[in-house]
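Read through the structure below, which is laid out as structure tokens, and then see the notes.
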Amino acid sequence: MHVASLYASAIASGALKDVGLTIVSSLIALLLGIAGALARLYGGSVIGGLVYWYVELIRGLPAILQLFIIFFGLTQFGIDLSPVAASVLWLVAYGTGYAVEIFRAGIMEVPTGQREAADALGLSSLKILQKIIVPQAWVGMLPNLTSFLVLQLKNTTLLYLVGYADIMYQARLGADATEQPGILYLMAALAYLVIALVIAVAGLRMERRAALYR
Amino acid sequence: MIALWRQYLPQFFQGVGVTLELTALSLLVALLFGFLLALARLSGWRGLVLGATVYTEVIRAIPVLVLLFLAYYSLAQAGIKLSGMTAAVVTLGGFYATLYGEIFRGAILGVDRGQSEAALALGMNRRTVMRKIVLPQAFFTILPPATNQLSNLIKDTSLVFTVGVTDLMFQAYAASSATFQPMDMLLLAGIVYFVFYLVLSKFLTRWELNVQRRRG
Amino acid sequence: MSNDVVVDIKGLAKHFGDRVVFDNVSLAVHKSEVVAIIGPSGVGKSTLIRCVNHLHPFNAGTIDVLGYHLQGDVAPSKPMLRELRSRVGMVFQTFNLFPHLTVLDNIILGPIEVKRLPRAQVTERAMDLLAMMGLQQRAQMYPKRLSGGEQQRVAICRALAMEPEIMLFDEPTSMLDPELVGEVLEAIRRLAKQGMTMLLVTHEMMFAKDVADTVVVMADHTVAERGPARQVLESPQTERARAFLRRVLNPGLSSDGARRQRGGV
């Protein structure tokens, strides 16, 4: 237990860095994801096709490989990114791929009758999106957005491989120094568990509030 | 780039072999254990339901890499020394069992209640109902999400190079450092992974959906 | 009924790939006229009235609605289309109320966002409409809490709030339980009395005979017969119209019109 108290603050600081990165990268990725989903749905075949293959690449390649391509691969072309920069860049790139699919599915799940009824009133496309489609898609998307955040959080575990000082990095440092990997990786697991739990609970509360009309 | 690729091709092939072996073993564990988890959660016995539910929710929430380190490093400290490969199969199997368990459970619950009621009304016992009526119908709803998780599993096998298993990712990483041409080597591995993904997500899933549609 | 033609459909054709939905459909609707379109399922009645406000594009022919010109295989300009739609109300088979908005917000959305009217004025009018339907108590509820008949009457209010000059009804009662059909038909009947121009797809033959001025029978991908309601329904001239009416009006024989009327949706 001595080891636990010794490394508690290090793990906590790693957790803060993970949470910070998760939030920042997720926000950017979600914004890009909305743009991507709209481009995919209404952007015509060329732009839509580009977005489609981008999403497929992100979903088809292992996470580590993507991260290594950004951190190690780019050095071949003289682009030498810092651990933080590479981490943010990858999390945003990865998150955008998944966010596009979440938004696209959410928009498509709104029944066509809703769009027809709004069309029949003479509402403009933008107004229909803003007043009819998005508010309804939002509720259906909430569970997916919660898992999206958890996914991004879990992805931060890989960042220690490029030297970002997250939970895993601290746990590994401690494990090497004390030769007590048992307790340290358990602490890491617990930290992730707690954060994931917080996200899940927050998500459930939002779902309950948003679904009043259902 | 092509010359370099040719030089490293034997190692890459070896790596692909390890990746596939690891995938197959982990999938086997995940399917069997996942099925047990689903049955436990549907059994109605409070202890079993609780145990399986807690296992599912906790394991699902922890990143795979952390689980892998727990299996490889932490267990070793407790005297259970697993090889990198064994730790990987235990981890991936144990983690994906929670996902497959949920797929199985959802599919079984998704079979119309009228089906089992009709079978029970014919005098079948619960086991027969499950074997002859529910599972055959659940099977085709299971296929597409199960395939989807399989393609995730293949991608996640790339994590095991961190515990020294010489899979495709390991070979790509080793070759990157050795050649100072990291992008070329990573891209080669990327092509292999992406082909696996396309085969699973496009062709297999499409075929499954076709089968499903033909069965009405 | 006056002599001004407000909807003029000429030589309309619609197909999906090789499948012809309908072909060579012509129909003129006068101001204050109530036109009921009847016919077997799958003959394109709903598609036809959706062409009038261009919810469905069509492949050939023309439609002139309130002076707006729609042409086959030509995409109309968006502003023109919005203007047209703001003057033509539509009521759907599946109600299509916006589930995330209260009853009142469903009704005032169009007038506020499309006609840019002040909220207070629109709300007052919406409450009048609800009162007319006996639904004032429902104003702050979400649609899900209402019965099907109430939802459809709210949908009628939503369309009327735009003060349309023409109303399109797409099988407004076919999704309703039999005991709720009456209240919706009553609301439509009242509109007819007030002189609203209406195009109505329906399976309710008695109602069509009672309320419509003109009945159009669609069969075999086109208009089989049209004429004064009573004449078409009581002594149809064409064989196709006769065949259809025989099936619908003899409840002993199985036909989809009759099946629907017995409440099996």
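Note that the chains take the letters A, B and C in the order they are written out, and that residue 1 is the start of every chain.
Basically, a contact is a pair of C-beta atoms (placed from the backbone, for glycine too) under 8 Å apart; a residue touches a chain by one contact, two chains touch by 3 or more.
Because the structure is a prediction, the values reported are computed rather than measured.
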Distance-maximising chain from subunit B - centres being C-alpha averages: C
Busiest interface, counted in C-beta pairs: A-B
Core chain by centroid distance, with centroids computed from Cα atoms only: A
CA centroid of subunit B to CA centroid of subunit C, Å: 52
Whole-Å gap between the CA centroids of subunit A and subunit C: 46
For subunit A paired with subunit B, centre-to-centre distance based on mean C-alpha positions, whole Å: 21
Subunit B residues touching subunit A - in the complex, by the definition given at the top: 58, 61-67, 69-70, 73-78, 151, 155-159, 161-162, 169, 172-173, 176, 180-184, 186-187, 189-190, 193-194, 197-198, 201
Subunit B-facing residues of subunit A, complex: 56-57, 59-65, 68-69, 72-77, 150, 153-154, 157-158, 161, 168, 171-172, 175, 179-183, 185-186, 188-189, 192-193, 196-197, 200
Contact footprint of subunit C on subunit A as seen in their complex: 111, 113-114, 116-125, 127, 131-132, 135-136, 139, 212-214
Footprint of subunit A on subunit C - complex, ascending: 53, 55, 78, 81-86, 88-90, 92, 94, 96-100, 109-110, 113-114, 142-144, 155, 158-159, 162, 168
